[in-house]
Structures are given as C-alpha cells and as structure tokens.
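Note that subunit A is present in both complexes that follow, paired respectively with subunit B and with subunit C.
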Partner chain A sequence: MIESYDVIVIGGGATGAGVVRDCVRRGIRVLLIERFDISTGATGRNHGLLHSGARYAVTDAESAEECIKENMILRRIASHCVEETDGLFLSLPEDDLSFQSKFVEACRHAGIRADVIDPKEALLLEPSANPDIIGAVRVPDGAVDPFRLTASNIIDAKAHGAEVLTYHEVTGFIREQNRIVGVKVLEHKTKEVKSYYASIVVNAGGIWGHDIARMVGVTINMLPAKGALLIFGHRVNQMVLNRCRKPADADILVPGDTISLIGTTSSKVPFEEVDRMLVTSAEVDLLLREGEKLAPVLAQTRILRAYAGVRPLVASDDDPSGRSVSRGIVLLDHAVRDGLEGFITITGGKLMTYRLMAEWTTDLICRKLNVSAACTTAVEKLPGSREAVEEIGKKMISVPLAQRNSTIYRHGDLAEKLAENTVSEYSLVCECEEVSVGEVKYALNELDVHNLVDLRRRTRVGMGTCQGELCACRAAGLMSSMHKYCTKRAKEDLASFLNERWKGMAPIAWGDTLRESEYMSWVYRGVCGLEWSQKQEE
Partner chain B sequence: MNLQQHNVSENNFEQCIKCTVCTVYCPVAAVNPAYPGPKQAGPDEERLRLKKPYFYDEALKYCINCKRCEVACPSNVKIGDIIQLARIKYSKKKPTLRDFMLANTDLMGSLSTPLAPLVNATLGLKPVKAVLDGVLKIDHRRSFPKYAFGTFESWYKKQAEKQLAFSQQVSYFHGCYVNYNYPQLGKDLVRVMNALGIGVQLLRKEKCCGVALISNGFIDQARKQAELNVDSIREAVVEKNRPVIATSSTCTFTIRDEYPHLLGIANADVRDRVELATRYIYRLLSQGGGKLTFRKDKKIRVAYHTPCHMEKLGWSYYSIELLKRIPNVEVVVLDSQCCGIAGTYGFKKENYATSQGIGQNLFQQIEAAGVDCVVTDCETCKWQIEMSTSKHCEHPISIFAQMLLCE
Partner chain C sequence: MKFDTLIIGGGLAGLVCGIALAKKGQRCVIVSSGQSALHFSSGSFDLLNTLPDGSQVSCPDRAWSALAAQAPTHPYVKLGKETFVRLASQVQPFLQKSGVLVQGSGLCNQYRITPMGTLKSTWLTLDDFPVCRMPDRLPWKKVAIFNMAGFLDFYTQFIVDEFRKIGTESSVHLFHFAGLECLRKNPSEMRSTNIARMFEKKENLEKLVLTIRQESGDAEVVLLPAIVGLVAKDGLEMLRCQVEKPLYLLPTLPPSVPGIRTQQILRKCFQDAGGVYMLGDTVKGVEKEGNRIARVYSCNHGDIPFVASNVVLATGSYFSQGLIATPDRVYEPVADLDVVYETGRDCWYDLNLFARQHYQDFGVKTDAGFRGIYQGNVLENLYVAGALLEGFNPIREGSGAGVSILSALYVAEQILSEKL
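And then the complex of A and B:
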C-alpha cells in the first residue's frame, strides 16, 4: 500500500506543528514527520518569551511589527500557553538614557505600546528589578510556553485528521526528475525504513533544515547561532525584565511557569555541534554577571540548570556574532529558487512568529494545490484556550488546590479531563510541579508520549527543583504498568532520563543543586541499584 | 569558578533537597490526610506561592507549628516558619469570635480570675459545654484549665519586698498560665530560686507572649505585645543586667525565635539572656553555685515528656538532668513526640480528632510507664496529658520545690 498525502511536513517544532494545523484546517491531507519528539529543537530551547517586539523595534522594524501582531493573536488563541505579565525595559546607570527615547519612538512606530514610567514605580511593579535603574519603559511582553503551544497545535491538527509520526527520521527523498514526490523514513523503534508520498514536502527542520535541504542538493546558507540560558529555581520576577539598549548578551529575564530564565548568549557554532549543545562555564559566568544587573537577587538564587539552543538564522551577510542577521521569516519556494518542484523550506523567524510562518507556508501550498480556503489560525482558538479557566476550576473543585491550579495552568480547558479522577489518581508523581497520576495517565494515553523526556515536555514531570529525584521512578513505573514499555526498557529510560537531567545540572553543579544531585544519585544507585551505564544510547 | 560560591539565598526553602524526612516526623500528616504535610506545605508550595498567590492552600491551618519538621530537617530549612509566614501573608480566613477568645489569654484571664470558682464550675457544666461546642465550635470533650482565684501577680506584690533582700536577682517571665491558671508554679519557682540564694523580680510590664495570637491570625496584636515584652526584657537585661527566666517552654521559644522569625521583631541583643528556669538552674549547679538540700522521706517515679518547642530549643536535656539530680526521684524519659494539643489548636472542634489521634502513642506510653506522675515544661501539654491519661502532670520546678527540704 502506498501511503500518500497532499503535504508532508518535516520537523515537529512550533513551525512544523503550525503548518500541519493550518493545512488540515484548510482541508489538506497532511503528515508530520519528526526525528525525535515534538519541540525538541530550538522550539523547546529558548526563553519562552512572548515578545512584544520591543526588543527589535530599533534594529529590525519588520520583525518588531510581526511580533506585536502575533503577540496579540497568541494572547487570544493560545491563552493557556501565555501569561500576560508585561515587561520592563530598564536603563542602568551604565546605559545611555538617550537610547530610551529612540527606543520608545521606534516601539510606537511599530505599533507597540511603550510607556515610560518612573523608576520608583517600576520598582513597585517589579521589586526584583535592580534598584539602581535610571529609567524604565513598560511594554506588552509576556511569557509563552513553547511545549504547550506546540502540543496544542498538534492536538488540534490531529483532531482534524492530520497524522503525526514522532521518532521517525527522514533519511532520503524520493525524486522524479525535478520534482520531490516523497520521503524515505526510518522508524527509530523498529529500525524499519518506509516511504511516504506527497505532492509537496515542507522542510520545517529549523537548523537541521540545512542538512535536510542538502539531501536534495539545495543549499541554504544558514548560520547556527548558539544561545545559552540559565534556569533559576523559582520565580524571581513577575514581569519580563529587559535592558534598554541595543540587544546584547544575557539581557532578558523571563518568568516562566514556576521558574525564571536568564538569557541568552550568542555564538557561532559549526554544524557538526548542533546536536551536542553544552553550556560552558564562561557562558554561565557571563549569564550570571549580566543577569545580576537586571535583578541583583539572582546572585543568591539557586540555579536549576543550564541549557542551550541553536537559532536557525539564515545568513545574509558574514556577521560572526549572528546577531545583526535579520530575524525575519524566510520562505523558500525551491521551484522558483532552485528549479526543484514539490519542495518548500520555511525557516528563520522565531517562536513568536511560528503561526505567521505557518500561514505563509500554507498560503503557498494552497496556491500550488489550487486550494482556495483561507487561513483561520489567527482566530480559531487552540485546544486548551477555549474556555475560561475560572469555569474549569469550578468543574474541578474536588481536585486538591495546588494540583488543580497547576493542571489548569498547564492544560487550560483540557484539564477538565482530569475532573473525574479518582482519589488514587490525585497521588502526585511530581511533587515539585504538582503532576498527578491522573495527569500522567492522560499524557500517556493522548499526547504521543514514548519516554520520560516526552512526558516531561507534556507535563513538567522532572522540571522542578528535584530534577527527577522523586518523580522519575514513579513515572517510569506508571509507564511500565500502562504497557508503554517493558521493565528492562523502563530501567534504561530511567537512567537515560536522569542522565539528561544531569547534563543540564553539570554546568552549574554547586551549592544546593550539587547537593541534591548527589542525593539523587545515592537514591537511584545506592538504594534502587540503578546503573547509569544502563543507558548506552545517543 | 562560579560567581555564586559564597552566597546564601534568602529563600531558605531552596536548601530543601526533597528528602521528605520532615513529613515522616510531622505529627499532623500522620493522622490527618487533609494536611499536605510539611514538605508540600512548606518548601514545595512556597515555590508555587511565589509563582502565584492563588497557590495558598487554607489547609495550612492544620499545621500545629510544632517545628518538629525543622528539627528533623538535615538541610536546615525553616519549614515551620515558611508555613506560618505563608499563613500570615496569604490567608484570607478571618479569625472567629472563638479564635478571639482562645487567643486573648490575657483578656480572658483578667475577666475570669476574680470570679474563678464560678467560671470553673460553669465551664465544667454539660449544658455550657454543649453551647460552647454548638455555638463557638469549642469541642465539648475538651476540659478547660481551671482559673485561679487571684493572679500570680497579685500574690507576688506581697512578696516583692522580701525578694529585694537577695543580692543576686533574676527577672521572671511568668506567662498567662502561671498568672491566671496556676500561680502555684510561680510560687514554686520563687521558692526554688530563693533556696538558691537568688531573688525573683517581675518584668516592668509583661503581656502574653502572643503565641496564641500568632496561631489564630491576630498578627498586629501579637506584634504590639511582642514589642512591649521585648522592651521590658531589654530593660531587665541591658539596664539592670538581670537574666530573664521563664517556666513555659512555649513562651520562651516564642520570645527567642518566633519574635524575629515570624513577627520581624529584633531581639538579637537580648535573646541569649532569655532562657528556661531549668536550664538556668542546671548551669548554676554545674558551675558549683547554689546548694540545695532535698527531703529523704519521699520517693517518686516520674516520666518526662518533651514538648515540641522544648525539642526545637534542644533543652529537654536540662530539665531531665535537673530532675535526675534530685535524690529519690526516678526519671523515665518518654519518646519525644507531640501530645497533640498544640495550644489552642486542640480546643477547636474541627481539630479534636486530629489532636487526640496525634497524642495516642504518647498516652499509651504514659499509661504503661508505671509512674506516679508525668513531668513536662509546657502547660498545654499538661492539660492534654491530664485530660487524656490517668496521670497528674507537673512542671520540673514544682517537683523540685516539692522535694526541697523545708527550711
């Protein structure tokens, strides 16, 4: 049997998920193929900042305008993934205050509300801000959870008939003369190679899109720019804090769910390294040193972990920092650009503009397929954002308070599925993030979870201060009892998950984080007899 | 090299490594499933409350503030303080009339002592208990501590002159219980101190330490009383160079630790000079000061119960060792565990089952110990033990006084 579709999308990041959703809502038969889990690339490795666009206002007006428009759309369609915190652009004594007026003017020009406020008022609004500030501008920044956003797009796409294959890697293309007609795909679990056919193949592989394009002989001049971030153990700030100056290193502090994030750095990395992003101690020092200038309390706040992502910038010049490169959306119709039919690349852009990128891509697909349906993704709310959270709270009144609030925060109106949980399902798997047995079961049954890391992306299991110390074995046990895998595989997965957690702790392994990781190691190795070498993969 | 090496977070909960030993030692979590336990209510949910205040769970009211979680914690997390501070900061529950009556020990004491025989008889009546239970939600099964006919302070006035004759002086923080309910303990203390050659003075002004006000949510009033007490203590300690001793472990603990931790009242300059009478006397005797002679005609076997705040202070050692110094007193040390009353907590109807459930083990151990009486430094433990076991309960100072050879 030949598996054929109108469109195949490669890449399960926010962009790929957005394209799939847009396509299927316009009646196009679509398949998503992702090498690992959804949002494993740059989608899951950024600030989670709901940009107002203010950051780009001075240097890149086009990006700024896109940001503020998408910002307003996401507040509406993805309310459960967004927290409307607002943000402050702070001027420190070492900053040039004259930049502020230029900044405010550029913001207003781009349609971004920017209110200059008294530094004293700014400190009342955000007590964690550096008390030495000489200026402050309030803008409509916010926080967005990229995991939930991507997952929600997938849920909606699947509900409308899209097919999604995770842990499926594209290893080659099927070509007929100057036309791409399908892809060869390796299924990781079974090691089987299968062929899937489609009229159009969309490359939404982020930085990996460079290699995907190369498979068909097309060169996209991309510039992998590494950005490192630090996660602090709890929420230090309630508003996004930025520096009011030209974009530089470590000048954004975002409150994201239970934690705060400082970032980022920017450094060019070779393509060979994009799968092995390790944060260096120089990067950690820089993030801390600069971060303390925004919020001095960071100097005393426990750091949970460090991580880095790779921006899929499309190089337009030879800028070594990768920073002055346009963050604009790059949509390549390879038929026009390279004479190759049936192949489209969507890249550049940023998390904030994922929906717009998807819209442009789907518009192009529709033109090619002669589909006249219009884009609805700017108005149709995502699953989870369709009902007021207060109403959901009322339906879940029997669920313990902290668990109820956490679950609704994570899943929006979809949390209602947990209202009928039994008392035993109220038991916590993850105590730091209040993830219940019921929530884990829901994720395992409905959200394409194949291992503990996938589960973490859907529920925050293992994302709290203990980084898996208490929850990992419980979750592995649940997965095993629900026949997601056998006991042997459960042990391997457990070791693999804990090693993945350690990878993020290693760069900042001191103080209480180190103490806790030692305790975790003692629990798993000493008490449970788990061997780290049980994991041989990667 | 890292930049954070020598910095300690003000957010003490970050030191928690989730070992959960606090929850193992929590007396409430063991018997009341409605209480999330100290780990969750403390460090875990504090992190969530910093995210959004709506994570504050009114179930935190079930915490009895025994601080046994803090004693158990190997990471030095101030779990009990985190929970109490969260209650102070976030709780929207208004205290009831009952809470007001239970918390204002000074006021209720002043009203009751002049009419003590009448009040005591009335509070013992079944219909009265039924009304208290039905209207005020004070559990009908709970027996009330008796009020004294005349306060300790009024008795002391007649002694004041005699006390001045001693060359060495201490100040005595007597607390509400000694003043309104059991002046005999205060009299015993004066007798013991005098036998040691030390005169006893009262503070210039003394108000209830405020522990019941804090636990019932009357923070502003607690702060006012604490300020007044610390002023008086400062006058005694700094101006007159007189140490302050007390007979109640909870009052002592509240003044020393809860004032700075929960009420934000600085006491660092006087804190070390406020201590329990048993510790003061133990140290005095250990240094060779004071000679006491004890009677030989009486032999008793007592069981020492360690109150929670005594455990937190780490001072039960002094009371136990002091008792052991008395010839003819045999001391059995009970396992250190909560009796369940936790001040006003156990009086509340909604807490009665939890309160008695917590104390069950202790009660059984007391009954099995084969002792003449139980000894403890806390007055509310005394009420609980006397109500829930067949044994009488005394303060170590009273045992001391009873065993002193009459001069």
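And then the complex of A and C:
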C-alpha cells in the first residue's frame, strides 16, 4: 500500500507543528515526520520568551513588527501557554542612557507600547531588579511555554485529521526527474524503512534543515549559532528583565512557571556538534556574571540546569561569505530557487513567529495545490486555551487544589479530562511539580509518549529541584504497568532519563546541585544498583 | 560545656564512634544537624564490592593488597591490612551489642536484593532482609510479594521479572484496607515512612497479617516492601510470628524505614551508655590554639563553646554538607581542613552519570591516624571519620558504610589509647 499525502512536513518543532495545523485546517492532507520527539530541537531549548519585539526594535524593525503582532495573537489563541508578565528594559550605570530614547522611539515606530518609568517605580514593580538602575522602560514582553505551544498545535492538528509520526527519521528522498515526490523514513523503534509520498515536502528541520536540504542536493547557507541558558531553582522575577542596550550576551532574564531563565550566549558551532550541545564552564560563568547585573539575587540562587540550543541562522543567498545574517523568516521555494519542484524550506525566524512562518508556508502550499482556503490560525484558539481558567476549575472541583491548579496551568481546558479521576489517581508522581498519577496516565494515553523524557516534556515530571530523584522511578513503574514497555526497557529508560538530567546538571554541579547529584547517585547506583551501558546511549 | 570527646555528625560514623567511646566511660556529645545517609539505606552495609579498577571483590580482606596498590590514600589502606581485618571482624558483634542485628558471612560478601529486583553484592544485611550466597540464584522457587496499592516507591513488576530470570516465580498481591485510606487524602503522603506509621497501629498490622495468611498460598516466603517497623521492631516481629511463613522485607526508594530505625537504635544505645545527643544543632566553627582545637561553637549555643579533649569530625560528604563545593573549590566548612580535590571543575564530573564521578573521590586529607590537617599541619586532637575522608569513592566501590564504621572504630581506639 502506498501511503500518500498532499503534504509531508519534516520537523516536529513549533514551526513544523504550526505548518501541520495550518494545512489541516485548510483541508490539506498532511503528515508530520519527526526523528525524535516534538520540540527536541531549538523549540525546546530557548528562553520561552514571549517577545514584544522591543529587543529588535533598534536593530531590526521588520522582526520587531512581526514579533509584536504575533505576541498579541498568541495571547489570544494560546492563552494557556502564555503568561502576561510584561517586561522591563533596564539601564545600568555602565549603559548609555541616551540609548533609551532611541529605543523607545524605535519601539513606538514598530507599534510596541514602551513606557518610560521611574527607576524607583520599576523596583516596586520588580523588586528583584538591580537597585542601581538609572532607567527603565516597560514593554509587553511575556513568557511562553514552547513545549505546551507545540504540543497544543499537534493536538489540534491531529484532531482535524493530520497524522504525526515521532521517532521517524527521514533518511532519503524519492525523486522523479526534477520533482520530489516522497521521503524514505527510518522508524527508530522497529528499524524499519518506509516510504511516504506527497505532492509537496516541507523542510521545517531548523538547523537540521541544512542537512535535509543537502540530501536533495540543495545548499542553504546556514550558520549554527549556539545559545546557552541557565535555569534557576525558583522564580526570582515576576517580569521579564532585559538590558536596555544593543542585544548582547546573557541580557534577558525570563520568569516561567516555577523558575527563571537567564540567557543567552551566542557562538558559532560546527555542524558536527549540533546534536551534542554541552554548556561549557566559561559559558556558565559568563551567564552568571551578566545575569547578576540584572538581578543581583541570582548570585545566591540555586541553579537547576544548564542547556543550549542551536539557532538556525541563514545567510543571505547573495552573500557566500555568510556574514550578512538575517534573523527574519526565510521561506524558500526550491522550484523557483533551484529548479526542484515539490520541495519547500521554512527556516530562520524565531519561536515568536512560528505561526506566521507556518502561515506563509501554507499560503505557498495552497498556491501550489490550488487550494483557496484562507488561514484561520490567527483567530482559532488552540486546544487548552478555549475556556477561561475559572470555568475549567469549576468543572474539576473534586480534584484536590494543588493537582487541579497545576494541571490547569499545564493543560488549560484539556485538564478537564482529569475531572473524573479517582482518589488513587490524585497521588503525586512528581512532588516538585505536583504531577499526579492521573496526569501521567492522560499523557501516556493521549499525548504520544514513548519514554520518560517525552513524558517530562508533557507534564514537567522531573523538572523540579530534585531533577527526577524519586519521580523518575515512579513514572518508569507507571509506564511499565500501563504496558508502554517491558520492565527491562523501563529500567534502561530510567537510567537514560537520569543521565539526560545529569547532562544539564554537570555544568553547574556545585553547592546544592552537587548535593542533589550525590544523593541521586547514592539512591540509583547504590540502593537500586542501576547501571547504564554505553550501548544504550547509541 | 566540657566533654572528653565532641563528635560532630550523628550519622553512622558519628554514632559508631560515640558508642565505642561512651561504652568505655568517655563523656561524649554528638552534635547532629539531622538526616544522614542512613535515612536512605538499603538495609545492608557494604564493605568493599569493587576495586577502583572495576574488578569485583568477593572477600574484601583478600582484596586489600590490590586496593593498597590502586588507592594508596584509601582509608582501608591507611588502617593497614591487619587493623582492617581486625576491625572488620568486630563490626557484626559490635552492631549486635548495640541492638542492630545483621547477618553476614565473615569477611566475605553476600548478595542482597535491590528495589529493581536485581542481586547486588554487599557485606552485612539487617536480619529482616533476605540475602543469598550466589549472584544468580535465590533460595526459593516460589515467593509471594505483597504491596500496598498505590505505593509508587516499590514497583513489584521490576522484581517479578528479575526473579523469573533466575528461576523464581512470584505472585503479586496488592492490598488496600480502610485503615490505610486516610493516607490517600493528602496525595504526597504515600511514602514509606508514612505508611509505616500506619502500621504502628496494631489493628492495621493484624489486618495485614490476615491478608498475607489468606493470599500467600503455596509460596515458600512472603516478601514485603520495608514499610513496617519504623519506631520499634515489635510490629515487625509480630508480623513475622503470625504469618506462619518466612517473611522478609525488600528495600524501597527513600526514605528508608529500616535505615531510620537503625539510626534510632544506635542513638538510643549511645544515650544509654551516657552519651549526649544534640539533635538539630549545627556546628558553626572552631577556635584553634596552636595545633589543637580549643573551642567549638554551634548555632544553638551561641557564644557558649564546646570544650573537649578530642573532636571527631564525622560530618559526611556533600549531601550532609561535610564538604561544600563552590564553582572553583571544595572546602570543609567546620575547621577549614585541607581537602584533596582537582582544580578546574570540568574534571570533577563525567557526563555519564553512571561512570566514575571524580568529585566523589574528593575528601579531607588526614595523617595515618586519621587526624585532620590544617594548612599542612596535623591537628593533634581532631580526628576525621566517615564519608568526608579522602581517597575513596563510596558509590563506585560500594564501600561507604564500611569506611564509616571502620574509620569510626579506629578513631575511637586512637582516642582511648591516648588516655592510657
């Protein structure tokens, strides 16, 4: 049987998920193929900042305008993924205050509300901010949860008939003369190779899109830019804190859920390294040094993890040196650019503009397929964001308060699925993040979970201060008892989950984090006798 | 406050040292800030399971020479082979006299059962836990495993599947009865210690006995997660008496009910021997006079110092804050003793959590008599025992409990011999 679609989208990040949602809502038969889990690339490895666009106002007016428009759209369509915190752009004594007026002017020009406020007032609004500030501007920044946002796009796409294959890796293309007609896909679980056919294949692979394009002989001049971030153990700030200067390293502190995030660094890395992004001690030191300037309390705040993502920066086509880099959206119709029909690349851009990127891509697809349906993603709310929090809470009144609030926070109106839970399902798997047995079961049954790391992305299991000390074992047991896998796989998965947690802890393993790590070693290696072989890593 | 010996740290090392000294008539005080590694014990004590080069050890006394070659500053090597063997032979009777009953086979290792159902090398095991001599065979063909429904820190299927691999069949029985239901009201209460508290009530225990008797069928033994016997062993003994079959406990994920009980028994033994146990106090710092510790100050006692002829530092490693790591160094916070560690934190870790972690090798430098060193000079009346010692990796070697007990006994001997 030939599996045939109108469109195949490669890449399960925010962009790919957005394209799939947009396509299926316009009546296009679409298949998403992702080599690992959704949001494993740059989507899951950034600030989670709902940019107002202010950061780009001075240097890149076009991006700034796109950002503020999408910012307002996401507040409406993805309210359960967004926290409307607002942000401050702080000027420190070492910063040039004259930049502030230029900044405010540029913001207003881009349509971004920017209110200059008294430093004293700023400190009242945000007590964690550096008390030495000499200036402050308030802008409509916020926090957005990229996991949730992507998952919600996928849920909606699937509800409208899209097919999604995770842990399927594209290993080759099927070509007829100058036209791409399908892809060859390796299923990681079974090692089976399958073929899928479509009129159009969309490359939404982020930085990995570079290699995907190369498979069909197309060159996209991408520059992998590594950005490292640190997660702090509790929420230090309530508003997003930025430095009011030209964008530089480690000058944004974003609150999100129960934590705060400082980032990012920016460094070019070779393509060979993009799958193994490790944060160096030099990067950690830089992030801390700069972060403390925004919020001095960071010097005494426990760091939970360090991680890094890779931005897919694209050099302009007419600049082979790669120096002229755009952070804007890059949509390449390879039929026009390279004479290759049936292949489109969407890249560049940023998390904030994922929906717009998807709209542009789907508009192009529609032109090619002669579909006239218009884009609705700017108005149709995402699943989870369709009801007010108070209304959801009322329907779940029988669920204990802590679990009720945390599941609503994470799943929005989809949390209602837990309303019928029984008392044994209220038990907590993860005590740090208040993840109940019922929530884990929901994720296992409905959200394409294949392993503990997938489960973490959907529920926050193991993301709290203990980084999975007890909950990892509990969740592995639950997954096994729900026949997600055998106990042998469960133990391997447990070990690889703990190792994944450790990779983010090692760069900052001193103080309490080292205490926690030592405890983790004692419990799992000592008491449990768990081992982990090199083979598992491959 | 004047004492013969002040012991800082109330974990396994501090208690063993305190008991050994108090029983010989010393006036001792233990200052303990609270939890110790005993609180997540497996119910077994390891002496030496693996040499630093990775080779397995079946009899630690026979592995001593190889250890000496591979880890010259290892606490066991500092003891010398003869003392190592002599002290190790004393441990089982010592624990027995202190009220902690353990089973072992002399100086050889045996195997215990992990919460994952696998067999793991160990040395001495609490008498209510099962042990076996072979790494690949259990002494039973058929077992009945009981667990409380909804208790997530003990997953029976892990155990069933591992047992099947080595030829033992298991039946699993989940129990829930009214007396335990109140635990479900607060969703974070379903922990081993909270369940154990419910089994301090006789009626709940009787109900459990009944369940086990009705359901265990033709199984040769009954296995139960360690959720009974938190305060006293009476409940556990009643259970073992009335079940009419051998009954053993298996370790759960932390907290460890048998570990907490062991700590309480040792503490009571120390107090019965006249020792003073100050719980919830933390030592802030020391005053040195020449090469001696003259005074020790704690949080609760402000400017009233502890004065003692000898001070034993048994404050544990990082977890217990006997060692503190900052981004660029590792230090000992009480007396600022010299610490052996590598410079540059990049070499402290391996990115594979399950590989050797160098930070676990770091520790406080001592002379051959386990006396601490400050800026290159030996402190004459400050001894170091347990996890904060240099030269060993407790997790990789499986030597944590052994080093704690043996170094504590040795330090006690050193202090007592001084007096003569």
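Everything that follows uses one rule, which is that the second predicted complex is superposed on the first by the 526 of 538 C-alpha atoms of A that agree within 3 Å, B and C clash if a C-alpha of one lies under 4 Å from a C-alpha of the other, contacts with A are read in each partner's own complex, and residues count from 1 in each chain.
The rule we apply is simple: a residue touches a chain if its C-beta (ideal position, glycine included) is under 8 Å from a C-beta of that chain, and two chains touch if they have at least 3 such contacts.
What you see is a predicted model; the values in this text were computed from it and never measured.
**Student:** With the two structures laid over each other on chain A, which partner does A:477 touch: subunit B (first), subunit C (second), both, or neither?
**Tutor:** Second partner only, subunit C.
**Student:** Hey, is it subunit B or subunit C that touches more of subunit A?
**Tutor:** C
**Student:** When the two structures are overlaid on chain A, which partner does A:136 contact: first (subunit B), second (subunit C), both, or neither?
**Tutor:** Once the two structures are laid over each other on A, A:136 reaches no partner at all.
**Student:** Would you sort A:510 into first (subunit B), second (subunit C), both or neither based on which partner it touches?
**Tutor:** Once the two structures are laid over each other on A, A:510 reaches both partners.
**Student:** With both complexes overlaid on chain A, does A:426 touch subunit B (first), subunit C (second), both or neither?
**Tutor:** second
**Student:** Check whether A:289 is in contact with subunit B, with subunit C, with both or with neither, and answer first, second, both or neither.
**Tutor:** first
**Student:** Is A:281 touching the first partner subunit B, the second partner subunit C, both, or neither of them?
**Tutor:** both
**Student:** Just subunit B (first), just subunit C (second), both, or neither: which does A:528 touch?
**Tutor:** The answer is second: A:528 touches subunit C but not subunit B.
**Student:** Counting only touches as set out at the top, which of subunit B and subunit C does A:498 meet: first, second, both, neither?
**Tutor:** A:498 contacts subunit C only, not subunit B.
**Student:** Check whether A:308 is in contact with subunit B, with subunit C, with both or with neither, and answer first, second, both or neither.
**Tutor:** A:308 sits against neither subunit B nor subunit C.
**Student:** Taking the two structures together, which residues of subunit A meet both subunit B and subunit C?
**Tutor:** Residues common to the subunit A contacts of subunit C and of subunit B are 281, 284-285, 400, 402, 431, 470, 510-511, 515, 519, listed in rising order.
**Student:** Report the residues of subunit A in contact with subunit B in the complex, numbered from low to high.
**Tutor:** 233-235, 255, 257-258, 281, 284-285, 288-289, 292, 297, 299-303, 400-402, 405-406, 431-432, 434, 464-466, 469-470, 508, 510-512, 515-516, 519
**Student:** Could you list, by residue number, the parts of subunit C that touch subunit A in their complex?
**Tutor:** Counting only subunit C, the residues touching subunit A are 37, 40-42, 114-116, 118, 120, 149-150, 152-153, 155, 157-158, 161-162, 184, 187-188, 190, 251, 253-254, 256, 317-319, 321, 324-327, 345-346, 348-349, 351-354, 357, 359-360, 394-395, 398, 400.
**Student:** For the complex, give me every residue of subunit A touching subunit C.
**Tutor:** 278, 281, 284-285, 400, 402-403, 423-424, 426-429, 431, 436-437, 470, 473-474, 476-478, 480-481, 486-488, 490-491, 495, 498-499, 501-503, 506, 509-511, 514-515, 517-523, 525-532, 534, 537
**Student:** Considering the complex alone, what residue numbers of subunit B touch subunit A?
**Tutor:** Contacts found on subunit B: 1-5, 7-11, 14-20, 36, 39-40, 44-45, 47-48, 50-52, 54-55, 57, 59, 75.
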